[in-house]
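Beneath this line is the structure, given in C-alpha cells, with notes to follow.
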Amino acid sequence: MGLLNRLNDPIGLDGIIFGTVEDLLNWGRSKSDWYLQFGLACCAIEFMAVNASHFDMMRYGCIPRSSPRQADFVIISGTVTLKMADRLKRVYEQMAEPKYVIAMGSCANSGGPYWEHGYHVLKGVDRILPVDVYVPGCPPRPEALQEGLILLQKKIRMEEIFRKRKRLAEEDLANQMNYK
Amino acid sequence: MKDYFKNVWLGVWTALIGMRITIDHLFRKNVTVQYPNVHPKDKAGWMDMPSNARNRLYVDMDECNGCNSCARACPVNCISIETVRSVPGDAPPPLASGGKRNLWVSQFEIDFTKCCFCSLCTEACPTGAIVMTTEFEYSSYNRYDLVYNFVKLQNSMSDEKIAEVKEKWAEHQKEKKKEAVEPK
Amino acid sequence: MEEANFVFNMIGENWIAFAIISLLPMIFLLAYALIAILGELKISAFIQERLGPMRTGPWGIIQPVAEVVKLLQKEDITPDSANKPLFNLAPFIMFAASYAGFAVIPFSSYFVPSGINLGLFFLLAVGSLGIIGLLMGGWASNNKYSLLGGLRAVAQIVSYEIPAAMVILTIAVMAGSLDLQEIIRQQSGWFWNWFVFGGSGGWIKIIFLPFSFIMCIIYIIASLAETNRTPFDIPEGESELVAGYHTEYSGMKFAMFFFAEYANMFIVSAIITIIFFGGWNSPFGDFMGGPIWGVFWFVSKAFVFVFLQIWLRWTLPRLRVDQLMYVSWKVLLPFSFVCFLALSLLVMLK
Amino acid sequence: MEDLLFYLFAFVVIGSASVVVLSKNIMYSAFSLLFTFFGVAGLYVLLFADFVALTQIMVYIGGILVLIIFGVLLTTKITGVDIKSGTTGKVQLITASVVVVIIAISLILLFTNVEWVNQEFVQPNTTIDSIGFAFMTKYLLPFEIAAVLLLIALVGATLIARRK
C-alpha cells in the first residue's frame, strides 16, 4: 500500500527514493535511542528498574550515555526544582540534534504534588523544554515508562525529514502572502 | 615481601573468582520480561498487577452524586468538580446503587499530570464512584490529553443538558429573588 | 616478504593491488565493528541476565546498523570555545593510528597487507600514535573533564607501554625475529608449540612454562590498559569524568572515536594471538591447516580475546588512579623482568 | 612514485616545522611537531632505514612529544590566558632572521659546491642485524656511555622528585 503509492511519483519527496531513505533514517533514529543518564527524584528509581534486568531498557536499543553530546533523548525522571531547571536546560541545550524529551511522572509533567504550593518547583518541564512524551504516574510503573518509550519510537518513525523542509517553505510562502 | 606476593595473588585470584561468576551468569536463563508482548495484566506475566495497585482513577458517573468529598480529600487538588443544583421537580436520575441525587455533575475533571495516586479520594467517596483501576498505559504526546473530564468521557451529560440545567437553576434563583423581594 | 600476498599473485604488483590490499582490512574492520558492538551489547546483557537489544530485527541482530544510521545523521557539534582545527583533527588521527596497525597484521600465511620484517615493533610504535589523538581531543574540547580524561589516558598508556614492550622484547628474544610471519611460523605444529606454552622445543620448557604463561597474562593486562577498557577505563570513567576525552564529541566524530576503540581492541587481540597463540596456525598440527583456514583460525582466536575483553569489562570494577600505577610499575614491570630473564635462559638452554 | 612520496613527506615536514616555529599558539606548535616527526619517519622509510623510522615514531611521538605536550599543559595556566610563546619580540626576530639567513646561504653554497657521489644503493633486507652488530662491536663504548648517562639522569630525576 504505502510502498505502491510511492511509485506514482518516484523522485518526489514522498516517492519511493526519498520516502524509503526517510524511512531508513527514521528507523535508525527510532531503534537506536541513547539516553542521558539523568535521574532527578523518586521516578529515577523506577527508571533504574527499567534499566535493570527485569525490564531491560536495552531491548529498545537504549544505551546509557553520560555525556549529553552523545545522547538522543533525556528522561526527566522526577521533580525539577527551579535550581535544577537551569542545569537541565543547559544539559538539554548541550545535546546534539535530533533530541527528544520524555517527561516521566507527575512532577515532570506539571509540577505534580507541588503544582499549587511548591515555591521551589518548576510547574511542568514543558515550560523550559519541548516535551515529546508525557508519562503519567507518581511514579509510573516501569511498564508505563516502557510504553512511553514505545510511543516516542513511534513518533520518531513518523517524522518528516524531506517533506518538512518543503512544508516549511510552503508555510513561509503562505505567511508572506498573508503579510502582503 | 610476603605481603606483596600475597597481594598480587589476591588480585589475580579475586579477578578469576569474578570472572567465574560472570561466565556462570552468561549461561543462565534470563529474567527479562518483554513488556509489550508479556503484559503485567496477563497472568503469564512475571507478576500480575497487585490488587492494591494504584494506577489510573476511574469515576463512574452513574454513581457520583457530586458531593465533592474526593476533591476535598485530594492532597494535591487535582480533582475539580462543578455541580449545578437541581430545581425542584427536575431531580437528576438516582444513583445506580439506589441513592438519591440532588446535584447535576456538570464537570468532573481529574488532572493526571498532577495526581499523586495516593488513593485518598477513593476512601473519601461515600458512594464508591471513584476507584483505582489497573490501567497504566495512557502516556500521551500532549499534556492536556491527560486531563480527563469524566462527564465528557462517559457522556453522562451532554453540553445542551448542562446548559439547560444551568439555565433552569438561574431562572429558579431569579424567581426566588423575586419572591424574596416582592412580599415587602 | 618472500611468500607473496595472494592479491599480488592474482593481479600482480600494481596500483590496483595496493588499493585492494589497503581496503581489505577496512572492509574487515567494518564488519568486525558491527559484530563487536552487537557482541558487547548482547554479552553485557546476558551476563546481567538480561536480553539486550531485541526489537531491531530478529533478536536485535541488526542493532549496530541502526546505531550507525543514527550516528550518521546526528548533529555534529563543535563547541564554540573549542579549538576547532585540533578538535576536528583528533578523531581522524585516532582512527588513522588504529587503522595503521592493520597494515602489518597477518590474517593468513598468504595475506598480510605489508610484510615488513619489523612488524611487532611497528605495532608497538603505532600504538603510541593514538595517544596524541587522545590528548589533542581532550585538550581541544576546552572542557575540564575532557582534559583530565586525556591526561589520564596518556599517563596510563605511557606507563603500560613499558610492560607491554618488555613482553614484546621477550617474544623477540624467543623468536629471534620481529617479523610477524616468522614469529607465527615458529609456532606452527600442535598447540604446545605456541609461545604461551614456551614455544617449540624439548621437555626443558616445562620448567619455564609458568613464566611464559605469566608473560601472556601481563600482556593481556597491559593491552586492556592500552585500549582504555575496563578495569582500566579511568580516562572515561563516567562517575568522575563525564565521558572522558570524548565528552564534547557527538555524531560522526564520536563514532570515529568509538570505531577506533573497537579497532584497537581487535589489534591488541591480534597481537596476543600472534605472539602467544600461534596466529593463523591451526592448533592441531596440519588438521584444518592452510592459508584459507588460517584466516578462520586467526580471526576466531582474535575474537576469543575480544570476548575476553568484553567479559572482563562486565566483571571487574574500575581501578583507582594510584592502584593503576601500582599495578603497572610495581607488579607488571618486576614480574615481566623476571620472566624476561627466565625465558632468555630458556632460549639459551634450547 | 617514490619521488612523489619524497616530495609529499618533505612538504609535510617543512610545512609543519614552519607551523612549529611561526605559530603563536604553543599548543599548535606542539601538535604540529607530530607531523614533523611523522614526515621525518616517512623520509627514513624512503631511505630504507625502517628501524630508525619506527624508533622515530615510538620515541619521538610516543615519548618526547607527549612529554612536551604534558609540559606545556602542566606548566602554564590554561584558564583565561592564551598560551603564547614569548620569543617574538622585535630584537629577537631581527637577530634570529640574520642568523638564519647566514646559515641558509652557507648551507646552499655548501650543497651546490660539494660533489655528490651517486652510489648505486642496495636495498638491505633487514637493518636490525647490522644496527645490532654495530652497537655491540664498533660503537660499544659510545652506546654504553650513553646508557650510563641516561641512568645518571634517571637517578638524578628521582632524587629531585623525592626531595620534596
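Letters A, B, C and D mark the chains in the order given here, with residues in each chain numbered from 1 onward.
Basically, a contact is a pair of C-beta atoms (placed from the backbone, for glycine too) under 8 Å apart; a residue touches a chain by one contact, two chains touch by 3 or more.
Small disclaimer: the values here were computed from a predicted structure and weren't measured.
S.K.: More contacting C-beta pairs: A-C or C-D?
M.R.: A-C
S.K.: Which chain has its C-alpha centroid at the greatest distance from the C-alpha centroid of chain C?
M.R.: B
S.K.: As a quick test, compute the distance in whole Å between the mean CA positions of chain C and chain D.
M.R.: 28
S.K.: Determine the centre-to-centre distance between chain A and chain D, using the mean Cα coordinates as centres, and give it in whole Å.
M.R.: 52
S.K.: As a quick test, compute the distance in whole Å between the mean CA positions of chain B and chain D.
M.R.: About 74 Å separates the centre of chain B from that of chain D.
S.K.: With centres defined as the mean C-alpha position, give me the chain A-chain C separation in Å.
M.R.: Those two chain centres are 37 Å apart.
S.K.: Could you check chain B for residues that touch two or more other chains and list them?
M.R.: 30-32, 34
S.K.: Which residues does chain C have that touch at least 2 chains other than itself?
M.R.: 45, 48-51, 54
S.K.: So in the complex, which bits of chain C are touching chain B?
M.R.: For this pair, the touching residues of chain C are 43, 45-51, 54, 217, 311-312, 314-316, 327, 330-331, 335.
S.K.: Looking at the complex, which residues from chain D come into contact with chain C?
M.R.: 27-28, 31, 34, 50-51, 54-55, 57-58, 61-63, 65-66, 69-70, 73, 78, 125-126, 128
S.K.: Quick one: which bits of chain C touch chain A in the complex? Just the residue numbers, please.
M.R.: Of all residues in chain C, those touching chain A are 41, 45, 48-56, 60, 63, 65-77, 238, 242-243, 246-251, 254.
S.K.: State the interface residues of chain A toward chain B in the complex, per the touch definition above.
M.R.: 53-56, 59, 106, 109-113, 115-116, 124, 126, 131-138, 140-144, 146-148, 150-151, 155
S.K.: Could you pull out which chain A residues touch chain C in their complex?
M.R.: 24-25, 27-29, 31-32, 34, 37, 53, 56, 58-61, 63, 65-67, 69-70, 72, 96-98
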